[in-house]
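Chains: A, B, C and D, in written order; residue numbering restarts at 1 for each.
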Amino acid sequence: MVKPIATLRSATGVPTGRLAVWWVIASEIVIFGGLLGAYLLHRLGHPEWATYASHTNTWAGAFNTLVLLSSSLSAVLAHNAAEKGNGARAANLLLVTCVGALTFLVVKGFEWTHEIQEGFTITANGFWSFYYCAAGLHGLHVIAGAIIMLFVAADARKNQELQRVELIGIYWHFVDLVWIFLFPLLYIAK
Amino acid sequence: MLEHYMIQGSSYASHIDGLVWVVLLITTFWFLLAEGMFFYLLWRYREQPGKKALYINDDLEHAIKYKWVEIPHRLILICDVAVILGAVSVWSEVKLSMPVTDETVRITAQQWAWTFRHAGADGELDTADDIVTVDDLHVQLGKTYKFELAAKDVLHSFSVPVFRLKQDAIPGRVISGWFKPTQAGEFDVQCAEICGIGHGIMPARLYVETPEAHAEWIAHPTHYLAYKNK
Amino acid sequence: MSSHTESHGAHSPNEAPHATHEDAHYIKIWAILVALLVVSVTGPMLEIRVVTLLTAFGIAVVKAFLVAKHFMHLDTEKKFVVQLLVVCLGLVFLFFMATSPDIMKHFGMNWVNESAKNANIPEKIVHHGGVEGAAEHAEGAAEHAEGAAAPAEGAPAHPAGEAH
Amino acid sequence: MAESHAHDAHAHDHHEEGWFKKYFWSTDHKMIAKQYLLTGMLLGAVGAYFAYVFRMQLAFPNKPVPGYGLVTGADYNALITNHGAVMIFWVAMPVLIAAFGNFLIPLMIGCDDMVFPRLNRLSYQIFLVSAIVLGASFLVEGGAFGGAWTAYPPLSAKAEYNLTPLGPSLWLIAVALEFVAFLLGGINFVTTAMNSRAPGMKAFDIPMAVWMIVIASILFMASVGPLIAGAFMLLFDQLLGTGFFDPDRGGDPVLWQHLFWFFGHPEVYVVLLPALGFVAEIITTFSRKKLFAYKTVLYTTIGTGVLSFFVWAHHQFIAGIDPRMANVFTVTTVLISIPIAEMCFVYIATLYGGSIRFAVPMLWALAFIAEFLVGGVTGIYLGASGADIYFHDTYFVVAHFHYTFFPIAIIGTFSGVTYWYPKMFGRHMNELWNKVHFWITIVGFNGIFIPLFMLGASGDHRRIFDYSNFPELATPELQQLRVFATVSLLVMLAIQPVFLINFFYSMFKGKKAEANPWNANTLEWQCPSPPPHGNFAVLPEVYRGPYEFSAPDRADDFWPQNSPT
């Protein structure tokens, strides 16, 4: 598939791929904003949710925050390597990021298994419904990001489409950003 | 305008109709002006042989814009203010205020019936002589009623067209409002929010009765679900 | 036309220059982020509400700012991108503010959300809440007592509307 | 130059194509536009069929409808629900934004394709899947969803209330997929228009149609988020038994109303703006006039878009929101009349001093202005909160929004199709039959909805399948109005095959069209009809605005954007 000339133009000064990623993030902000806004509306109206929230595992959440922050670091280092034309290094760093994503999901899996065994299922009460909904939607983004990243890394290893390293990086930082807010909302505020 | 279609049965019905009149006059003026101008221009500037269209340069555009855009802009703003003032005042009367009421009636909507709890002879709700009816609401002419609206299952809407009253009922919430009947007679209560396959078979009847007839009904209620005679 | 002409080297001249930092810079930012994370986890251990909120959400904002600025390179991105993202955040805020009178509050002018209020009653709470919740619970209990006295047909009387 | 060289390579690449690859797997923006257009027309026929069935039930209650059978309450609810959903999500959006956006944006801004052709193809395929999922919801146990297109819970959340265990979930999944398709499409449109304009095309040289589609896409992307989140929540309520909107379990049904209408109101402008853009193109071309006050049109469009985020709760005035909030929203709602009215005045002013030729596209565009004015002014009755107490959920509302949506989705589409048909297919449609079709459609449309205003003023409520239970509504006078509306609908539907035959016949047998049959200025007319793969032999450069008609000191009364002199 040959790219049309349209893709190569840049009247705004922002390359087309990056511009599109910003629009994706803009619409994602409203999606997560709607969900977290709805959660906050209920949370502030229901002081008893603090009690429900006390059963979340802060340490697991904190560890996952650390994992995502570190994977963001490797993503931005990959971008830096791609800017310098070093595709192999960028690919390796992207793989490190993917390992971070995998770690995040594994921790999440253990956490959820434990919580569900304790009886805190998605139907337990409003807090847990939002907990699974918000963290689940975020988890889907982690999975999607990791899969795309594998493709980008495969291309980057061949020194192709290096600009995409930056694009998937920006998306990954956004996923990290969402988690930065999910962590206090779901884990710390008790 | 509405009074030609539906009789005014409550104290605030005429105010709502008055607001509709205000809106009708304003919108009709603008509508006729715009459509009149539109069709006039279509006729006046139809294609004619040998006649070239006008080219509007920036200076000319600026001058015309004042006449075509700036002045209507301000006039519409004035009209909007009039509409807003009317709308807010009527809305405040019907939905925001709660006048001193004589009696309370509790309305519970469910799929697909209305339950009305009347205060009964003592005029107090939640006493032994309450009259509970299904799909029949009896009120006395000229008395001010407070209603407490609730729903058991899904959204419903308590709509009494002659009163110009409409309020959605939401499960889990109790929403209050008021009305003061001014016309005796038998009227429709309708459900105005889709509530399932029986939405079209969820009517109730409203009986606005003179004080004598109302007292008679309280003494000998008909179609009641629960009623304890002392 | 081969597609890798479009890679980083092919930016057209009118593009924003993308500042490329050394890796050390990014590691420094990461270290700050991790330090902030430690603060945000240890802060709530003091069990002071103000400190919890500040460390949890204040630091989240700081972290978000650092990630957006240094990792997403919004500092060197075109202005309109930042404006776009801020506008979207503003829309979320608008939604929240205009919806809060109905959802966050459980009573208002001529209406009361009975079921949400009843959800606040302490019986339904398995474990005791924090100190700050106690006053709310007491209030909830009072509402509940009132609600319990109401008749059974599903529409408890509650005159909250007149209070306004 | 590198660009034209790359273009040659591009064109060579597409010589040998199979049927499947050409018509179904194509990444060419024009083919995807046609796919969207035809799918939209097909679903439009489905939506019209729904309207036919339930209007027959209303006019002749409880008699078997020819071509359907007896309409039960459940059938009726499913029909009205899906009529609304199909017409908005699967007709107005794909035709106005996706079909014309795909076709027009690359041509009008002078480039060879959308910036992400494969994303574009994916967008159509997801859209097609969403339509199939919607169709499947009619075949599952319990039947299709019947809780109105607003899908208010708890009715939509629990099978015990709506008695359709699977329909609502499929419906919701279909809507969510459709949103994903249009998010992908919208990102493509916006990015293309922002980045890939022809050299020399500055912000105020962009044709209004492109501006409007882009602003509409932005509105869509910025408003749909909360509803996507809400769709997840409602789907979990339906399938997993959570209680997001269940008051007995700590949820709140009013939250859904806010999530829905926060999207739902901007959505009106999402479909309105493209139609306004087509009208701007057409009235300038056929009155040989410059668009009057280009910048005013643009600013009022942006103003309308911004304001549209501040008005959503006017759909909920009496739906249980705090009544004090209604005062806020009535102010913002009534104020939106200012930019919309200004836009109408500007369009009318464009006709001043023109040389107006009443070709078929022009007739449709003029009808849009004349009819949309009715929809505009009747909106004031509903935006004024006090009057809305009476009008809410009556046929007055139905008539009002059909006087906006019909001009948008049907008249706007016909104006666009008749105007760009020569460009799309390289041939002309039959003008005489198009005119016959135009007049009967317009008369039929007014015949349907003027009676509905009167019904609404008489307190006639929507979504009721049988009025015999409501003595005030079951009167012979009102029934006559219903019959009149239904007969008008039958007349209007009866003439549509004429258009369809004309449409498909002319595709093969119509008069051949030259590149610029209407003598228009915008770039899409400066390439061959129909445009080849890659659109332009040499990608154009732009020297002036799109509406330089009848410029003095020129022999021609038009001046193409890419003409150097």
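Just so it is clear, a contact is a pair of C-beta atoms (placed from the backbone, for glycine too) under 8 Å apart; a residue touches a chain by one contact, two chains touch by 3 or more.
None of the values given here were measured: they were computed from a predicted structure.
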- For the chain pair with the highest number of C-beta contact pairs, give its two chain identifiers. B-D
- Relative to subunit C, which chain has the most distant C-alpha mean position? B
- Distance-wise, how many Å sit between the C-alpha centres of subunit A and subunit D, to the nearest whole number? 34
- Could you please state the distance in Å, as a whole number, between where the Cα atoms of subunit B are centred and where those of subunit C are centred? 38
- Task: Measure off the straight-line distance from the CA centroid of subunit A to the CA centroid of subunit B, and report it in whole Å.
- Result: 48
- Multi-chain contacts in subunit B, i.e. residues touching at least two other chains, fall at 95-96, 171-173, 175
- Among the residues of subunit C, which are close enough to touch at least two other chains? 1, 88, 91-92, 95, 99, 103, 105, 109-111, 113, 115-116, 119
- Query: At which residue positions does subunit A touch at least two other chains?
  - Reply: 2, 7-8, 10, 12, 14, 19, 23, 26-27, 29-30, 33-34, 37-38, 41-42, 46, 126
- Note on the structure: Here the pairs of chains that touch are A-C, A-D, B-C, B-D, C-D
- Which bits of subunit B are touching subunit C when the two form their complex? 95-96, 98, 104, 106-108, 115, 117, 125-126, 132, 148-150, 152, 171-177
- Query: Which of the residues in subunit C end up touching subunit B in this complex?
  - Reply: 109-116, 150-151, 153-158, 161-162
- Message: Which residues of subunit D touch subunit A once you look at their complex with the stated criterion?
- Response: 3, 6-7, 9-10, 13, 27, 106, 111-118, 183, 186-188, 190-192, 194-197, 201, 221-230, 232-233, 236, 240-244, 249-252, 255, 259, 262, 534, 539
- subunit A-touching residues of subunit C, taken from the complex the two chains share: 1, 3-12, 14-16, 18, 20-23, 26-27, 29-30, 33-34, 37, 40-41, 44, 52-53, 55-57, 59-60, 63-64, 67-68, 70-73, 77-78, 80-81, 84-85, 88-89, 91-92, 95-96, 99-100, 103-106, 116, 119-120, 122, 124-130, 132-133, 136-137, 140
- Message: Considering only the defined contacts, which subunit C positions touch subunit D in the complex?
- Response: 1, 87-88, 91-92, 94-95, 98-99, 101-103, 105, 108-111, 113, 115-116, 119
